[in-house]
Amino acid sequence: MRHGYAIHMYTANKSMDNCAFCNADGDFLIVPQQGRLFITTECGRLNVSPGDVAIIPQGFRFNVNLPDGPSRGYVAEVFGTHFQLPDLGPIGANGLASPRDFLAPTAWFEDKSYPGYTIVQKFGGELFTAIQDFSPFNVVAWHGNYVPYKYDLSKFCPYNTVLYDHSDPSINTVLTAPTDKPGVALLDFVIFPPRWLVAEHTFRPPYYHRNCMSEFMGLIHGNYEAKVDGFLPGGASLHNCMTPHGPDTKSYESTIARGNNVGPHKIIDTMAFMFESSLIPRISQSALESPFLDHDYYQCWIGLRSHFTVPELKTIKTKE
Amino acid sequence: MRHGYAIHMYTANKSMDNCAFCNADGDFLIVPQQGRLFITTECGRLNVSPGDVAIIPQGFRFNVNLPDGPSRGYVAEVFGTHFQLPDLGPIGANGLASPRDFLAPTAWFEDKSYPGYTIVQKFGGELFTAIQDFSPFNVVAWHGNYVPYKYDLSKFCPYNTVLYDHSDPSINTVLTAPTDKPGVALLDFVIFPPRWLVAEHTFRPPYYHRNCMSEFMGLIHGNYEAKVDGFLPGGASLHNCMTPHGPDTKSYESTIARGNNVGPHKIIDTMAFMFESSLIPRISQSALESPFLDHDYYQCWIGLRSHFTVPELKTIKTKE
Amino acid sequence: MRHGYAIHMYTANKSMDNCAFCNADGDFLIVPQQGRLFITTECGRLNVSPGDVAIIPQGFRFNVNLPDGPSRGYVAEVFGTHFQLPDLGPIGANGLASPRDFLAPTAWFEDKSYPGYTIVQKFGGELFTAIQDFSPFNVVAWHGNYVPYKYDLSKFCPYNTVLYDHSDPSINTVLTAPTDKPGVALLDFVIFPPRWLVAEHTFRPPYYHRNCMSEFMGLIHGNYEAKVDGFLPGGASLHNCMTPHGPDTKSYESTIARGNNVGPHKIIDTMAFMFESSLIPRISQSALESPFLDHDYYQCWIGLRSHFTVPELKTIKTKE
Amino acid sequence: MRHGYAIHMYTANKSMDNCAFCNADGDFLIVPQQGRLFITTECGRLNVSPGDVAIIPQGFRFNVNLPDGPSRGYVAEVFGTHFQLPDLGPIGANGLASPRDFLAPTAWFEDKSYPGYTIVQKFGGELFTAIQDFSPFNVVAWHGNYVPYKYDLSKFCPYNTVLYDHSDPSINTVLTAPTDKPGVALLDFVIFPPRWLVAEHTFRPPYYHRNCMSEFMGLIHGNYEAKVDGFLPGGASLHNCMTPHGPDTKSYESTIARGNNVGPHKIIDTMAFMFESSLIPRISQSALESPFLDHDYYQCWIGLRSHFTVPELKTIKTKE
Amino acid sequence: MRHGYAIHMYTANKSMDNCAFCNADGDFLIVPQQGRLFITTECGRLNVSPGDVAIIPQGFRFNVNLPDGPSRGYVAEVFGTHFQLPDLGPIGANGLASPRDFLAPTAWFEDKSYPGYTIVQKFGGELFTAIQDFSPFNVVAWHGNYVPYKYDLSKFCPYNTVLYDHSDPSINTVLTAPTDKPGVALLDFVIFPPRWLVAEHTFRPPYYHRNCMSEFMGLIHGNYEAKVDGFLPGGASLHNCMTPHGPDTKSYESTIARGNNVGPHKIIDTMAFMFESSLIPRISQSALESPFLDHDYYQCWIGLRSHFTVPELKTIKTKE
Amino acid sequence: MRHGYAIHMYTANKSMDNCAFCNADGDFLIVPQQGRLFITTECGRLNVSPGDVAIIPQGFRFNVNLPDGPSRGYVAEVFGTHFQLPDLGPIGANGLASPRDFLAPTAWFEDKSYPGYTIVQKFGGELFTAIQDFSPFNVVAWHGNYVPYKYDLSKFCPYNTVLYDHSDPSINTVLTAPTDKPGVALLDFVIFPPRWLVAEHTFRPPYYHRNCMSEFMGLIHGNYEAKVDGFLPGGASLHNCMTPHGPDTKSYESTIARGNNVGPHKIIDTMAFMFESSLIPRISQSALESPFLDHDYYQCWIGLRSHFTVPELKTIKTKE
């Protein structure tokens, strides 16, 4: 499968019954926002709560049970590569997501007859089914490192500036599905977790920008600092490649009003995330026609005004 | 020249007169701790104050003038490679030392006769002299990027954990002279600048450790957080490869007394630095016999005692 | 041309007359299964028998003569890369295919008029023709290493386990058309030649598996060890990405019956091969509608049954 | 520490008492040939029998107890790099040493007073001591992958030719301490384990050669196939860079007498090994003066004679 | 955006008024052939004359003014990568295009209201518009190296053979948009500038060839040496992948008539260029239907005849 | 053997009789300046004339016969690496030394008794001897690419600027023994062959410079353009790392007198060469005490004077 990705938002009302799913095309990164997922895989079972993420690699058969009733959330699918930890560079031995916090299941199997058990296989973008009369979860033992796993986002150890300036969001990369070009991911999974803000002499919220990445954001719980209203848990925004964006008018004006030198401040009770890619996504027809589409999103920036005053010519001249 | 390095501590009482120096063996990284250096090079002139560092690459002729009288400080010399900025990894586009803050001189020359002008050349570890009757600073213009430059350490943008845990000192790398093996430098130049400490549930001072790097530390001004007394500006310590070290007893005990959950704290007025290498340095005879050698350094750790209590067996068992 | 490949099965009834072919899109790897190919190229002539393979790189004009009458076989086409020998790793200086066994032609030319000589060029997936009145095989001499070549598969030096366990088929790679990711080929050409089997305490036939590669198999002569009947020379099977497959029921049951500790055994008179790719192939309409399609292939696995007995709990417990 | 290595042969008569050793210069690979080693490290305890090897990385403190009485064996020390598994290339997912067979210790500690406990530290090629009054094995828990480990050589899965020709010994690489140049190791650890020999039309014993590597061989138990007498368990041979060597006269003549087409043969009860390096070792004075030096080693090749007959000129001519 | 490129020929009759363009898909390399372009970008202004080229990277908003009236020329667009200088290899420190000749603009801004100002954004191959009431050129200052720039082609320092043989056109590479495979560009920008020809014993014009690259040529001024008539400034030719091409009949015959040993000759007043890619371009419908399409181009080669005489067999034999 | 090199100047008066030499430490590159060398190796025989160079890789046994009587010349020895062709970069498929011009010997052997035949082996910098009673040149056939070879320097295809400026000598690299750092060789073998000079507006002779490489020059025949007298065939000069050098006073003044715009000029009858290394060589005692040492070499630069006139301040100002 050539390099690529897909982003889905899911709502699941009932558990999978007498069937399993298998993605022959790529890997799933699942971000439940509401309702636990109890995932049975050929390597064992994973209990995935909102605040956790689960990765089901290409080719694994799995069944999802909903112990809490309906569940909703986000799924990213990557083709032609796998998620990995970013190379930490000067961050060194500690920081961001730690390998030991990614949990693989203990081997579990059932040697059981299931008449009419259905395997649904996603292959080449289409769905195929096969019927068998036994459980696919009959793997007695396994070794290796090609396995499903989960990660609790609250284990993330965020880094950031501790004096001045504003960090690139890449500092919050949990996992990356790389391309061959360093720094240009097929898909980065980035979070905005609770953390201390201490930067001085700066504009602390995410700055206004446009860039070569397409940014899909979601919110797991709490608020997102750059959108004081209108961005709710379970919602999503998409800021595409080279489309300018930034804080809404209210966030901006209140930041300006506070001034640039507020002291340390801890952001608590929040967990936003971003799927960020160097490939521009196409929007599906169903998304474009969804009743949940926010046609007024652009209004969050209405009323933005310049706070810049052109300095007098004399001032500029002295710099030459 | 094969890969290698040398670390010097210098005390200069007078300006260089009618002479220039040239290092054919490697590059100098100069860290004045007291007294400005006014350095004339073939590419132009650099005014280097304490708090700045200057790099004079292999083969440049230069003359040092002392506008403030005597100067002292530290010099690292690297052979077979050059200093470069570390690859920032997830830190991304901002953070640590920024390329635009490294300042190269404007071309400057003199077309002048200087009878008896002496060039002192360090070549193969020995000093040679040549006499000429004109200034070596007769380069009218230049282009390229092999040039002397300086950097003001207060421009450094420090990153660190903003929630919990303790960072590896590599996070404070200003410049690195790499080897072929990522993460294992020939010589890293690392600083401990003013910054906010916000980590929770952790022991904030540098932790006790031994590692594969040999660490030479110096102090430019202020105090160093892990040695409450006894480490003075202009001093130096060397903790060699796999030799355990850490905070002195007083720093340790006062940290323990404070507990692990103190709030945000800003370290101000300090500028310590480290030259860190994967090659074990040999100590020169003159250093070993120096009247300034601190024979009692080990005493800073006398009195350290364990605060650990072995948990009852029952507690351990429940983890199985 | 972006990276890609195509696999063809050919039947040729007569020699190419007064014409030459040229593939502007990619390289051909030709595997005749029946009937020799006498290939004239701009660099000289290759006599290719069943058991040999020939590679005609992108852009070479060539003519094929059938000295034995009709010929049939397999052709792989790779786009955007070329075939190369695999990096042998610990296998070292000897083993698998040796560079000296790949034979390039001696320069040969004709200075001759051929009225109406037609060049058929495959370009961008379409065929174009040009008429000229002279032979294209008018290259008097050449040098370089971009040339057609052939290889006799019986020169292959197979490696495998010589004690226990079961090897990955990559151990039998003759040529690989790589991608940028080590271990994930655009197209591997792998053979299953005569060889000794000596592994103890193991299931010797190819094991049941599904994986990220799509596997197209063919048979040049003899039998294939995992399909006791039904896989004939000139035939082909396709096991696509993440579709489970393995020995047919008869092969499996007879292996089980023999037990795991049979002694050395030499497989003779066989030459199966595999084109294996990390990109999922689309099947052409003509293949799907072919009268030769084996609609009952799946039946080779009917009747497979488990030989596994769940061990008693006590046994498992002693491992903790 | 620059790249380098050392090879030692040890004889230990008693356990280490109230002391621990630490190598600040490099890593130890320990190959006991006789007598178990019970090694206590800061990460836990390793029980190392003849047939196992243990690796103690740079900087770990450890104590060795001899539960069986005296022990002897071999130790390799590598500087500036670490041992790693070789990249398997076409061998793929299985074969040679498997990561899961390298065993790290479970955390173990003692919170105990030991008056006069001595740490012996090897630093810069010299030994230093420090006295403390507590056990250094007070590490309560650990995580990471920089740890001592052991490997049972009987788990090795040997690969080799299964048809004809003779393999390069690199096919038996257990661990390699690489240089920057692929295929040219600082130190390879290679074994010659029990295995099937099936090659046809070839000279099966190690062939006569000279090469760019220096080869130190030892024998753990059994016989070594190329030296029918005179190479005993616990012994060692050194064939230096570009010094020709090969089977002794008896092995050679008996191979010739058997002819080239003997059938499958299983070598059992043997475990020879090789430390192989691209750097020429200097021999220590004590080794050169050892009463165990075999001054007559060269005699094993006395009496070798040519079995080659120059073919008549006519035969050669036909190849042109 | 996946790797790709597009080539456009433009004719502009009037300046852009109250609007700006932004390419979210890739970078523009603009080659004006007639009429200056005065380009205003967010980073400042570039004055681009015929003989200069300008690069506007992905995402920059810009406005083009035509100070000389109508302008025409060529534009290449690259997706998924950026143009860079080729690695010079043995050419070393000097030669071809020098980094210091690529000129970035000085920051320039306007703080001005423009009712109805339109931003036209190319995104995913389609055009979108947005209306705003202020100038987008309100960037007061900038730093970094992601900027628009221009280059004067007459600064190019051409290299070539100075004794015999004929150079590959890659020797004239100004800028390259690389793929991951060295030597196989996504798009090379190559020029044929004024230069000395001194090669002896050779056919000096571009030789007849076909190759894996698709070659689009244009002419900025003067004549192109391989087409004595019919290739005019502002024109273009496309020789696609593996399509043979070379000098027209007149150029060829006059070269043959001159013989192989003419002395030094300086080509003056010429500036042809080539966009060369390893990906085959599709031709747009509008180009195929253009009234400017030269349907008789192939006629430039009509009348080519062989000057080769088959040597007698005896001569060939002596080489064996 | 660690990376390193040695440079020797040899004078041989008689052929090697009943003996062979073998260098276990590294490879020889032999540059005869006077008198042919007839070299017999285990792979066959090489006839090496002045104007040719021969490479004898590490570990080959060879015998040298002098068919013309005494021979003299230069030998470079490289340790830890081998010579290879430079990566040509934009030079592309043609230019500099072509692989097909490096000639390996045809297999040749003798099956002959030679009582008292002596092998002299250089090992670890010392010489060892072994006596045998047969010719070592008993290798009947060979394959592979680790072989002795020779190259005729007149086949070199020199490249250079064909418009303006002055090339780096790296453009004339025949072979390079690389380090891990691109552009910084362990030893480059560079020649200054006959070629056309056409550069305009420039100072054509080698410019005055000092750099990080140490340059050993020799002359095979003719004159060297930068030393009008005093540099004779068979002589040598050494300009060490960061020691300034350039044309002698006469060459300089006559160039100045000619002016900068002389037309094309062909340098004929010359063959100078350079061994250039990034490692500073130590000079042997015998070289320092040689009666052939030129104690007055420095005098070639006596009398150099500046031709520069400081422009008036006004002129400089207008550039700002």
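Letters are used for the chains, namely A, B, C, D, E and F, taken in the order the chains are written, and counting of residues starts over at 1 for each.
Keep in mind that, in the parts below, a residue touches a chain if its C-beta (ideal position, glycine included) is under 8 Å from a C-beta of that chain, and two chains touch if they have at least 3 such contacts.
Computed from a predicted structure; not experimentally measured.
Asks: Among E-F, A-B or A-E, whose interface repeats B-D's (more than half the contact pairs identical)?
Replies: A-E
Asks: With chain centres defined as mean CA positions, report which chain is farthest from subunit B.
Replies: It is C.
Asks: With centres defined as the mean of C-alpha atoms, identify the chain lying farthest from subunit F.
Replies: Centroid comparison gives A as the farthest chain from subunit F.
Asks: Can you give the rotation angle that fits subunit A onto its twin subunit E by Cα atoms, in degrees and rounded to the nearest 5?
Replies: Between subunit A and subunit E the superposing rotation measures out at 120 degrees.
Asks: Between D-F and E-F, flag the pair that has more C-beta pairs in contact.
Replies: E-F
Asks: Between subunit D and subunit E, what distance separates the C-alpha centroids? Give it in angstrom.
Replies: From the centre of subunit D to the centre of subunit E is 59 Å.
Asks: Based only on mean CA positions, could you tell me how far subunit C sits from subunit E in angstrom?
Replies: Each chain reduced to its C-alpha mean, subunit C and subunit E end up 41 Å apart.
Asks: Can you list the residues of subunit C that touch 2 or more other chains?
Replies: Touching at least two other chains: 180.
Asks: In their complex, what parts of subunit F are in touch with subunit D?
Replies: That would be residues 1-2, 22, 24-25, 58-59, 80-81, 111, 121, 123-124, 138, 140, 180 of subunit F.
Asks: For subunit C, which residues are in contact with subunit A within the complex?
Replies: For subunit C paired with subunit A, touching residues are 180-181, 210-212, 240-243, 278-280, 282, 306, 308, 310.
Asks: Note which residues of subunit F are touching subunit E in the complex, please.
Replies: Touching subunit E from subunit F are residues 86-96, 157-173, 183, 193-198, 263-264, 266.
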